[in-house]
Structure formats: structure tokens, C-alpha cells
Amino acid sequence: MHTFLYKKVGFKAELVGELAGNYSTVVLMFGFAVAAMAPALVISRMLSPRKRSNPVKFLPMECGQVPTGEGRTQFMMQYYAYILMFVVFDVVAIFLYAWGSTILYLPKEATLPIIAFLGIIFAAMAFALSQSDRRKIW
Amino acid sequence: MSTPTLPPGLAIQKADERIMTLNVGPQHPGSGHMRIIVQIDGDYIVACDPDPGYVHRGEEKMAEYRNYVLNIPHLERPVIHDSCNILYPYVLGVEELLGLEVSERAKYVRVIASELNRCVYTMYWLAIYGIFLGHSTMFMWPAGDRELLIDLLEKMTGARVTHSYFIPGGIRNDLPANFEDVCLRQVNYFEKRIKEYADIFYDNPILISRTEKTGILTRENAIRLGTTGSVLRASGIDYDVRKKEPYDVYDELDFQTNVLKSGDSYARSKIPWLDMMESCRIIRDALQKMPKSGSVRVKLKPNPKGAIGSVYKRVESGRGALGCYIVSDKKAEPYRVKLSVPSFRNLIALPHLLIGEKLGNMPSVYWSLNYWPVEADR
Amino acid sequence: MADAAFLALSVITIGSAIAALELRSLVYGSIALMGTLGGIAGFFLLLDSPFVAMFQLAVYVGSIAVLILFTVMLVKRELIFKKVEDKRRKFVGIALMLVLMVSLGAVILDSGIKQITTDEPAVDFREIGEDFVTYYWPALILMGLILSGAVTGALVLARRVDEENGQRVN
Amino acid sequence: MANELTEFVLVSVALLGIGIYGLAVKRNFIRMLFAVEIVINAANLNMVAFGRFLPHSGGQTLALFSIAIAAAEVAVGLSLIIVAYRMYHNIDIADYRSLKG
Amino acid sequence: MLKDLITPQNANVFVGKLGDILEKAIDKPLGYAINWGRIWSLWPVHIETACCSVEFGAASSPRYDVERFGIIEAFGSLRQCDLVVVQGTITRKMAPRLRLVYDQMPEPKYVIAMGACAITGGLYFDSYNVLPGIDGVIPVDVYVPGCPPRPETLIQGCMLLQEKIKRMKARKFV
Amino acid sequence: MSAESEKETVEKKTENPKPTADKNPKKPDVVPPTAKKTIPPKVATKEEPELPAFEKGIGDKITEKFGEKTTITFVKPDRVGIKVGRENIHEVAEFARDVLNYDHVDSVAGVDYPADKEIEVVYHLSSYTDPSLSRQILEIATRAQREEDPIPGNDATKLPSLRDIFYSVEFHEREVFEMLGVFFEGHPDNRRLLLPEDWADLPPLRKDFRNKGR
Amino acid sequence: MSVIAPNFKLSEFIKSILDNAFWILLILALIGIPAVQVILFYIEMPVINGELLTPFLALTWIADPSRTLPIIKAFMTTDLFRIAAFPGFGFAALLAAGTIFVERKMLAKLQLRVGPFYCGKIEGILQLMGDGLKLISKEIIIPAKADKPIFWAAPVLFVATAAAFVALIPVAPGWVVADLDVGLLAVFAIIGFFPIITILSAWAANSKFPFIGGIRALFQMVSFEIPLILSLLGAVILTGTLNLSEIAASQSSFPWIIFLPIGAIVFFVTMLAELERIPFDLPEAESEIVAGWLTELSGMMYGLVQLGTYLKLYAFAALFVVIFLGGFNGPMLWPPFPEEIITEGIELGPVTAQIPGLPVFSQEVLNGILMFVLKTVGVIFFILLPRGVFPRIRVDLLLDLGWKKLIGLAFVNIFIALGLLYAGILGPGGII
Amino acid sequence: MGTATGIIKALNSGIKHLAIKRFTLRYPEQKLKFVGDGYQFDPSTGVGIAGLKGRHMLFHDHCTGCQLCSIACEGVAEAIGMVKVPEEWKQNKKSIMPQIDYGKCVFCGLCVDACPFYALYMTNDYELSSFSKEGLIYTPAQLQVKPDVSQNSEIQISDRGATHG
């Protein structure tokens, strides 16, 4: 049906750096948003009344209390395991994309290494999840 | 410990780096009118110190300066949306002290008003419970449906929430004409509405997963801490003052009490909801059994003087047993009025339930205690 | 065009690499490090390897930088802004760096790679996937083992020591 | 195109130099980790550059592996930092030494 | 003669005049626009001081939906709010906190004193722990009487506040 | 949440309950299993208010045990009031809990009697576990000496705390402490509860504290 | 007492603007035009299409559609138009604004109330404008101990990152800001920036509640990124491409949601989590941590973050549409452009104008846009609905859900896709 | 599976409510209807008459200046002060009448209960907000005015929900 998809679309770049032009639009979009939004803050700063007489105003907000202690100390170490796992499994997930986007052009046996790979990863994941569940040691 | 320690909030915590002290309240969407000082280690609460008193208005002191009737308006202010119930023990006590006999019709009207008020209170509580769980619809629906009953109470008493309706010797005015029909219709619709909360709230899997097995108050602890009302009944103890020590005409009415065993936040939040349906039954029953006419109020002397002695009266309010202890010394003003309010009694459970919980459970556990800060502070 | 982009990228990359090491605040240092990593991703784009570039962005900036930031924020505030520096050591380091760069640069400029240019089309990113499961499959399995080992090891390391008995809890 | 392999390699060398400098000079555990990252990235840049100019998919594949290993390394390294920080309340390698004795 | 007119001073005056005209021209519609925005977007801060909060809740309930007027009671942080509705009694314990909340809010900010307690102390005129009204703590824009005020009264108070904002000068711009 | 982690949470809770609690002696068990036998099962009668026999029985039991030390102030339907000296309040409360089966305190009210130079503290005891007591309230009143110039916590206005017997009095006693200046010995947490942090006046519920304008 | 209804009139506001416009026009007419004429007198005029561009001619061009249309068309092919207006920022911001308004009205309806009503005469249609004007004229408070550069930059970067995400969405065939070969990977790369901005902003505020909120946001976004990535792999396996336009085009006969419903569900749930919407709005849970990482943001900063959030919402909804619902594919609903306008021209009173260059958009493009917008609106509806129906979940439950259930389901989805491929149902030489 | 059905049930309930009528009382246009004219007290029987406890209304020709209302209010909120009025009334020789400060009044109606001469009523007027505290003080002359109210919305219940007609 949509056979156009199943034939390998050639890679367009002939010259070094030719592809980069495509990506510049994303950067341009980013830049455009910055250029469009930064003035909003500036204009807001110009339009808004400002009273800086009271130093209390610039204290961190803490429910109507004068704040005590450091603002940046608390950490949910209980869930640190998850963030460690994320770093590793993020890599794995994108590795799978390298394989997933080619699978149409590969023989079937080529799936075996991936399955072995996944098996190893699953084992690690099971261990990590069992570890991260134990709230007492974090 | 010979001297009292520093008041909460001024004491500086010297602790391990992992511990962070959070002031939850008074300007906090999840605190109501109080402050809870929690110390958290990561996501877990390791210490909790409730700091009420932001609405402490000295009602008990003020009551010593006013006579028995003029005490009514300010004594109902601690729980304005349950004002009939908070006034009830006081009125009963004053009636005993003054030796007044209340007519049958007035008793029924009182029961109807107090049941309506219980629903109004519970709906507001439920609304706030909804918003504490991040469920904005569950704020809006109860807050809206509660207006049906407020409308009834308004027709009855002339004020939306602060009714000042009960008075020693009866009630202040008779029911308006045609009230029974309107009441029946709106209460029936109300009951239909609250049954719909099951789908979106009480059977909602996210809610269940969030509140079940959190903040468990065991049966033993519930007794030991002297909790009351829905908190107690959620822990499996069948104790309802309306049943155990019926006042006015509750012994003639047909209703049950709801008891759940698990004692977690979910059970605590479900009991008031079940109670509301029971209240609807009571109202219908009372409307039927009520004498259709008759006097509703005993004429009082100006500045009545009570007999020497003391009384302690209890009623079941929307939050639990509400006691009133009045000491009289044969003057027009009471010598001492002490309100033993359920919120204050339930507050003691808060540190017990919160320690070891996750921070995310704080609002649900806190509000499931059926706690109204203004009442606790008096 | 590509030249301008190349120049800009090199400036960003090298500048933020220096900033990452020299900025006083560790948080700003991490942000600068993100700049370096992003710059490298830009180079990858210039080299027609979008897959690697995006992988770099997703993995390096999206997760490694997050982890670094997280750890940086974990340490005390004073430490974030503390900078211990040994003057002598610094000069030695700079000298070492210069020697290394000059010698390596000389070697490279002297060697034959200056002549290497290409007119052939770039490698399609799908070939990477093919490589993974065909030629490099032992490496892939090894990779899996390394990653598993890393996550296991990291978890075991980062667990809290139980204060009471001074041992790791299992 | 005007770009040549040399330019990329030179950038890579510059990064390598900076990384080595950081490793040599900084005594802060986290900074050293930064330096290691920079070195690894210099290597990756080289790999991809060579892979592009001698058109071969191996360059990119190896770069991918390298990034993955870097991720693993960072995970372990940061765990180490956390352990060390928990023990000594410091992130300075010099201080670890002094505290140990 | 024309030459005499074109002096640096005169040019300055001319430019200055032009600036004035420009300023006036911009000022008026901008002031309108901003005041209009402020009227329809009053976000009350989430501070409950006493029992009047019950009726404040009722005012945002479906029956008296204040969101019709652009008043949304859903902001947790006082940094995003511009209206303090003092919902009843201010005790001596609460007063410094109320002041702090008011101080920490961004300009412009408005205050509605809701309930007899917030206006004069109401029932608690002789209590030892209640302030006689909040005028001593924060400046009040609109008083809403009642104990508690009916939601209608509160809505009417909000409408009065809108009226007041409309008549306020937004700010000198440019 | 898995069952295992749940168990851990519970364990954690039991390990370190309230931070202040570890300074205390162990809390006693709620209902000792032997307590049930000592009470004869009687049903309260509302029909004969002239003869509150059950209530009288409670009063008798207390007089039997303590004799002179207690006085029965009144016996009304469902209400019994006794008066105890401050030395014996602890024992009487323990007796009420262990033998009479009262298991919690409804309310603790302090009343100031400037004429007698005393402050009375009234405990209203009631019971959830014993069905025969469900209507009953036992009022135990005790009095402490009253000072003209109170320095809350540092003067003679002291009473033994009942917190180790009835845990539920914890906040009530704190309230009585700040409202009347009665210091409860043995209470771990005699702190201010409701009043503002900077309250420096008399305890407000004493009779010589006058509201303004009254 | 009578009610003083706020009688602020929009008409007055418009009048004052018109006033100004009139005066500006007058001054321009008196001074500007002669000045321009004088200047033009000295400037050498360009020759376009063999005609000398006199000022007169330049003016007539504005009125002549046959001349302006090609210019507009030329403009439409530029990057600037794509970035600023159509598939890019303007279009997305418009949809985002609509989303905010619809959300408020719909939530109100669900809750049996009215919602914004008086602002703007009809059903509160101008409510958003009011809020915007208010926010822009509101003071911005920077806490004293905050890290100022990061604190200032974070909201802007948040919007910009969301905009970069929007750039990858193909709206109609050929209408996409950046048509990348590895578009899907680019999406993942861009999503990865959000937690960084969040945590930096939270850290910069130097206050407790934002910090807790930031950490929560970090955990949440990070944990759900893996199921998000994995849940899309199914579609990639079946199409063999990472280009979003191609993925969209591949669904001309059936959308992938038919074969990969599990993947769609996983993606939807992770999407809700990434967007921090109820039931996953833990980073902003008011009842626990005030407003989470937004606590210290005031005035326009808050407004920008909201704008960014809704842009992100649009982008995610669009991604769902592109990958699972067939993107711009769909039945041809858009009526064809009337032929006779091209052949015969339009009658404009006495004259008949022949306008070459019409239609500006082809029928396919317009239909694609229509289908895309319809589907996106539908998805947005389902994103908005949970807000009225569910309470907030708890952090540990959320992480549990992400790491145990969703990742498992995502792998199930991958195996379904593999099975479909290897069973010969789909893929080259497949049955379908 | 219970989870899935629960979620679907909740979503279904949400969607169903999109079709239910709105409950909102559109306040400035619609106003609630109350029972009667306001709370009154019949001193002869000693029982009140149901009605809304709104702003007071004073009947000058009944008021004797006996101050009972003021005394009652002293125990409540001290809202009533007696002021001199210019007119002379035969039943009110002292020419004093109550003036009510609505900044203090709590609308309890106990002053109405206290008035033995049927001179003080409460009315259906509740729109009392003001810019200043002074605007809240109602003199006897103002209290005499009968409020002009048009209140006619009532809760109506149908199958598609409750509305305000």
C-alpha cells in the first residue's frame, strides 16, 4: 500500500554540513521565541509600578512566615535511584531507536542481539527497581 | 522540663542537613487557618507540630460577660456552617440550668435544623477535601449542592449560615408556610446529587490509591487519643452521641450509624458522606413525625438567672461529640463556659498520623481528621 | 554559511568548556558544560550525523546534565561557590595544556589528514542500527553489560549507610 | 564545502587540552568530572569527524557507544561523589585525603 | 526671523512638547487598557483568617460563581495575586502574618475587608485577642459588612472595587 | 505501593513516633484485658431519673476504694462528679481507667475561683469501649493553689499531669496551662498552644484578667 | 443600596485608540507624505517587471490583489513566515490561547457554573486579554537571595523551548517549520530541556517550596521520559523512519492507534505527566507545596510560563495526532476552491477581476490543516478533561506508575509492533 | 481492571455533567427570592416571624427611645448607638433613636427580639458594601427607608438539574 515507506529513503546530504541547514530553523524558532518574549518582560518591567521600600517583600515566600533556614537544602533522596536509572535507561531507549528505525531492512535473525541486550537490561532494571523501592536505604 | 520551651516557630531547629522545616500555613492553600510545622526528610515527614490559635478569639472569656441569651451569637461563630450543632449543647445546658421545658414541635424543628446543618458542614468539609486533593470539581459540586440546604436553612432561620436559631426554651421563629414540601423536594434532590459523588470521587481509583492505607489510626489509638466523630467511627468504634445518649427527639427517629474498620484516610473521608445520606433519612422521618403546629418557644424573662451548679451536655455535631460545660453561680451571666470541641480533640491525632507519612499525604490526612481550625481555636 | 556556523560553534564550545572549569559557581559551571555539550552536538550536525547529534542532546544535555545539576545542588551552598585553587598548580596545568595542544596540533597539521576531504554522501543513520545488530553486536551486548553494571553499581554505591550499625543495609 | 577534517580535529585537540588542564589543576570532584566529560566529548568529535570524512558508519556507531559509556561513567561517578560527600561533607579531593588520616 | 526661532533651546522645547503630546497620546489608551485588564482579572490570595472564609468559598461555588468576574480562587502563591480578601477576624497572632502577606504581594494590590470582624472587630469588640478592624494593619479599599457577608454582598463589594480601580490612575507611562 | 514498602512505612512510624514522645515513659496499654471482669454489667436507666442507681454505684465504688480522699459532689442521671485532692488525682484517674473502664477524656476545663484562691481543673471522663458506660460522664475535679501574680510554669500553681494515664489530655492540658497558668508536672510538652507567641499578660481565663471595656 | 455595575466600556477604549489613530494619520498626511515625496524625488527607483516603480505604482500595488498575492505567496515560503506565523509560533500561540479559554469554560460547565462571563460582552471571550493585560502591568518581584540571571531567563527559555518543540510539528503536507530526518529524536532532545529549565528556575528562586516543586518536576519529567520514548518506538518500527512528516504521511489509510492502542495509551498518560496536568500536577500541587516551582514567579514571568505550558500542551497533543491519529490525513472535507474564480475572475461590482495566484493554499493543504486542527482539538479536549475528573496523584505512586506499569506496557507495545511486522501483517510485503 | 473501569466511570461522569444545567445565580441580574419581608418579632407572642435577617428598618412612629435594642446589642456587637433625631414624636420624648453601624452588626436579630414596640424590623436588603467605614453607619433617617428590592429567583429542580429561574 504505502510502499514508498518501505523502500529505504536515501540520505540527502552530499556535502559536509549540508544537513545542518535544516536544523537551523529549530534554532531560529527558539531564537524567535526568545526575541518575542524577552520584550514582554521588559515592557512589563516598564509598565508595572514598583515599590521597593519594604525589604520584607523580597524575602522568599513562606506562607506568611518570615522564612528560616536555607532555601535549597531539601532533597528527595528517596527517589535518587530513579534519576540514576533514568540516565542509564535513557541511553538504552534511544539505542532502541537506532535499531527500530532500521528493522524493516534487516533480516529477522538480526533481532537476536537486541533481544539479548534487552534481556540484560531487563535484569538490571529489575534489580534497580527492587533497590529503588526500598525507601529505608535512601 | 521546668520551663515552657520557646513557642513553635521561634525555636530554631538544629538538625541534620537532610531535614528541612516547612511552615505549612497560615497563608497556604493546604492549611486552613492554622500552621503545621513539618520537618521533612526528603519526602517523608519526620516531625510535625500543629500550631493552631490563629483564630483564637477568646469566646470562653467573652461568654462570662454576656447573659445566657446574648451569648448565642458569638458561641455559634466557631463553626458558622454548623452553627445549630455547636449551639445545641449550650442551649440544652442552659435549659437544664434554667429549668425550661421545650415543646415537641420545637424539638423536631431543632433536629431538622441540626441535621440540615450537619449536611451543610459536611458538604463544605468535603469541598475542601476535594480541593486539598487537587480535585477542583469536588470543590465545586459539594459547594454548589450545599446551597440547596443553605437555601432551606435560610428560609427557616433568615440567615445563610449564622442562624442564631436555637434559643433556650425553643427556637426563635416558626417554620415558614409551605416549608415541608420545599424541604422534602430539595432534600431528595440533594440526596440524589450526593450519590453521584461516588463515581467521580469515592470510587475514583486515583483517590483510592492515594488515600487508602495512609494515615492509619488503629482502633486502640483512636480510643487512646480520645478522637471522636467520623474519625472514631472510621476506626471501627460505633459511638454516636445521637444513638448512645439521645437528646431531644433522636430516640424516636429511625437512623443508623456508619462504621468502617480500616481507619485510614479513605474511611475517614467516606464516613461523613455516608452520614449525610443518613441525615437525609432523619430529615424525612422528622418531617413526617413532626407535630404540624404548636408553640415553639417558651417565653423567657429578660436576663434569666441560672441555678447554682454545673452541667455538661453533649451532642453529635458534624465533626463528632461536642460537649459544653457550663458553671453557673446564680447570676445572669454564666460563671464559666467551656466548649469541648471535636476539632480540638481530633487535632491530637494529627502528629501521630503524619509522622512517617509522605509529604503528599499531608493534606489528605490532615483534612480527613474532620478538623475545622476556627472551632479548635474558639 | 557553514564556515560561520563552524566558527560560532567552536567559539561557543571552547569558550564554555573553559567557563565550565573556571566559573566560580558550580551551577553556572554545569550550565556552561551544557553549552559545551550542545556545541559538540552542533559539530555533529555539521558533520551530517544528526542521529548522534540528537543522541548527544538527549543523553548528555537531557539526562547527564540533569544528574550533574542534581548532584551539584545536593552539596552545601558554600561548597557550590567555593573554589580551592593552587596557583602553582594552575600554572603547571596551563603549561601542560599548552604543550599538549601545540605538540598535538603540530603533529596533526604535519600529518597527512590535511588532505582528507570528501565528496561522498554522508552515512545514513540507519546504518548505525544495522551496525549495531550485525557487525558490532558483541559490542552491543557488552554495552548492555556495562550499562547494567553501571546502574547496579551506582545504586549500590549511592545507598545510604545505615547509621546505627555502620553497615550497608541490604 | 570548505570545512576540512583538520578544523574539527583541531577543535577536538583544543577541547582535549582544556580537559587535561582541568584534570590536572582542579581538585574539586565535580569539576574533575566536568573535565572528564570534556575529554570524552573531544574524542567523540574526532570519531564522528573521521567517520564523516572517510565515509564509514563505524565512526557514528562508536560515538554512540562512547556516549553511552560516558552516561554509565557519570552515573557511577556521581554516586561516588554522593557517597564521599555523605562521609566527609565536602567535595574536595584534597580534603578527603586529609580527613582520611 | 525664522532663523532666530530655530535655536537649540527652541528645538529642545519643541521636542519636549512633542514628547508630551506623544506621552499623552499613549498614556490614555494604555491606561484604559491596563485598568481594564486589572478590573477583570482580580486574583485573590489564598489566606483564610477566620470563619468568613466559608462564605468566600460559597462565593466561588457554582451558585455565586465569582469567576464570572474573572476572580479565580485557585492560586496558591501570593506572588501571583492582586487582591487580599481579609476573610474575617484578625487575631493578634494573625496580624503580623497578614501584614507580611500583604507586603510580599506584587503591586498593584487591593484589599477587601470582609465581615464585621475585619471591619471593626464585630462580635469580638471586647475580646483580648482580636484586633478592632484591620485598618491599622493594611489599607482597605472596600468594606463588605455582614457576619458573614452574603456572597452577593461580597460580589457587590468586588464590583465596587472594580469601580474604584477604574477610577484609579493606572500609572504614568513612557 | 507494594506490600513490602508499606510494611516498612509502618515500621518506621512505630520506630520513631512523636519526637517528643521518646522522653516519656512507655504509654500504657489502652484497655487491660482484666479490667472487663471487675465491672458488673448494668444498664443505665433513663426512665427513673430520681434513682440513678448505676451512677450511684460508680460513686460508691470510688468512695469504697478511696474513702476520705474523694468526695462525691453530685450524682445526676448519666453524670457523676467527684472531687479529689491534687495528691490523689493520679491514683483516682488510674482507678477510673483500670477498674471503672473509662478510657478517654472528653474535655479538661479549668475554672478559676479567686475567692477560694484556687483553680479547679475538671476532667470529663467517658468511655468508648464499655457499652454500659456510653452515656456516662465522670467528672473528676481537682484544685490547685492560685497565685496572685502568676508566672506560668514557675509558681505553685501546679498539678500532676494525667497524660500518662489518659493520652487524650495532652492538648487539653496545654490549653489549660496557657489559659489559666496551671502547670502540669509530668506533661512533656507544656507549651503555648493558642495564644500569640508574644503574649505577656495574665493567663486570660483567670477572673482577674478583664476584657477591655468590661 | 443600589448596585454600581462596572460600566467600563470597551467602546471607550476603542474610541481613544481611534482618536489617536486619527491624529497620527492627520500628522502623517500633513507632514509625512510630502516628506516622503521629497525624498523619493532624489532616490533612484527600482524597475520591477519592466516597470519603473514610481510611488504611485507602489501605492497601487497595495490595492491590486493580482500583484500582492504573488508577494504574499513569496512571503509565505520564507522561513520567517513559517516560524512566526503559520505552522510556527503564531498558530500555536493562537491554539494555546484558545485552549486556555476553552479549558476555563469547559471546566466551569462540568462544574455546573458559568465561568468567565462579563469580561468582553459575549461569554467572557476577552477574559484572556484581561488577564494578559493585568499580568503585563504587574510588578515583577525578584526575591532578594535569588540567582537573578537564571531567574530572569528561565521563563523566556521555557517558552522558547516549547516553541522549538512546536517547530517540529508537521501541520499539513509540506507545512512544517523544520523537516528533520530524525525529527522524533529531536523531540526527545528538546523535551529533555524542560526539566533542566524547571530545576534551574526552582533553584534560582532560593526558596523552599519552589525547590521542592522543582525537584518533583524533575523526578516526574525524567521518570516519564523513558515510557514516552519507548511508547513511540512501535510506530517507528512499523514505519522505519524518524521523520515526523513521513510518519504522518504513512497513515493515509489507517492511523496507528488501531494497531498500537497500548502505545497510544501509554503515550497519553506520559504526556499528561510531562505536561504537569492533573492528575499529575505534583510540581504545582497547591495544597502541599503552594504553587511548586512557580511559587516565586510573579507578574509576566508567570504569564510566560503559562504560555509556555500551553504551547507545550499543543505540541504534545499535535505529536499524539501525528504519530497515532494520522496527522493531516483524513477524509476530504474542505470544499474545492471554486474553479471559476481562477478562470473567470471575481465580479467586484462593475468590474471583473482576474486574480492570478489564487488559491493561496491548495485544497489538500487546507484539508490537512482542518483535519489536523480537528484532531488536535479532540486530543486537547481529552487532555483537559481529567482536570475536572481526577484528584492529584502522589509522588511515589506516580514514580511507581511510570517505572513499573508504563514501561512494561511500552515494551508490550513494542512486541506487538514486532509481532505485526514479523507475522507479515504489516511491513514490506505485508497483508495490509 | 477495576482501575480501568473506575477511570472510565469517572470520565463518563464528567462528560455526563457537561449536559447538566448550570446552577449559577447570575447575581447582579438575578436576585434570590426570600420568605416574607424580613425577620420580624412579635412581642405579644414572643415568637419571631421567619424572614431574611438583612438590613434593619426602623419605624419612627413606633420607636419610643427605650434603648432596649441598644442594650441588647451591647451584649452582642455594640452596633447600635442612640442618636438624637430632629423630629419630635409624642411617644418618644427624648427624641433618641437607634443608629446602626453595619461595620459592627452581625445580623443576629436579637435587637429585633428585644424591641417591645414592634419598631425594629429586618428587611431583605443585603447589598451594603461601601468604600468607607462611615458609609456603613446608618442613621435613623436612613433606616427608615424601605429598601427597593426586586428579588424573584428561586431554585427550580428538574430532571436536568437545579437552576435558578
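Some points to look at:
Each chain carries a letter (A, B, C, D, E, F, G and H) given by its place in the written order, and its residues are counted from 1.
The working rule: a residue touches a chain if its C-beta (ideal position, glycine included) is under 8 Å from a C-beta of that chain, and two chains touch if they have at least 3 such contacts.
The shown structure was predicted, so the numbers you read here are calculated from the model rather than taken from an experiment.
Ranking every chain by how far its Cα centroid lies from the centroid of chain G, the top place goes to F.
More C-beta pairs touch across one of A-G and E-F than the other; that pair is A-G. Separating the centre of chain B from that of chain E, both taken as means of CA atoms, is a distance of 34 Å. Computed from the mean C-alpha positions, the centre of chain A lies at a distance of 20 Å from the centre of chain D. Distance between chain A and chain F, defined via averaged C-alpha coordinates, is recorded as 59 Å.
Our note on geometry: chain D versus chain E, Cα centroid distance of 55 Å, whole angstroms. In chain G, the residues that reach two or more other chains under the touch definition are 1, 3, 5, 110-114, 117, 135-141, 180-181, 185-186, 188, 190, 203, 208-209, 212, 218, 222, 225, 240, 242, 286-287, 290, 295-296, 299, 388-390, 395-397. Shown for chain E are the residues that touch two or more other chains, namely 34, 46-47, 61-63, 65, 68, 74, 76-79, 91, 93, 97, 101, 104, 106-108, 123, 125-129, 147, 150, 156, 159-160, 171.
Multi-chain contact residues of chain F, defined as those touching 2 or more other chains: 1, 9, 12, 195-197, 204, 209, 211, 214.
Across the complex, chain C is touched by residues 1-11, 13-22, 24-28, 30-31, 33-35, 37-38, 41, 44-45, 48-49, 51-61, 63-65, 67-76, 78-83, 85-86, 89-92, 94 of chain D. Chain contact summary for the complex, chain C toward chain D: residues 2-3, 6, 10, 13-14, 17-18, 20-21, 26, 29-30, 33, 36-37, 40, 43-44, 46-49, 51-52, 55-56, 59-60, 63-64, 67-68, 71-72, 74-76, 79, 82-86, 89-90, 92-94, 96-98, 100-101, 104-105, 108-109, 113-114, 116-118, 120-123, 125, 127-128, 130-132, 136, 139, 143, 146-147, 149-151, 153-155, 157-158, 160-161.
Here chain G touches chain C in the complex through residues 147, 150, 180-182, 185-186, 188-193, 195-196, 199-200, 203, 218, 222, 225, 240, 242, going by the rule given at the top. Considering their complex, residues 1-2, 5-6, 42, 45-48, 50-51, 53, 55, 58-59, 62-64, 66-67, 70, 73-74, 76-77, 118-119, 121-130, 132-134, 137, 140-141, 143-145, 147-152, 154-156, 158-160, 162, 168-169 of chain C touch chain A. Residue ranges on chain D touching chain A, taken from their complex, read 1, 3, 52-53, 64, 67-68, 71-72, 74-75, 78-79, 82.
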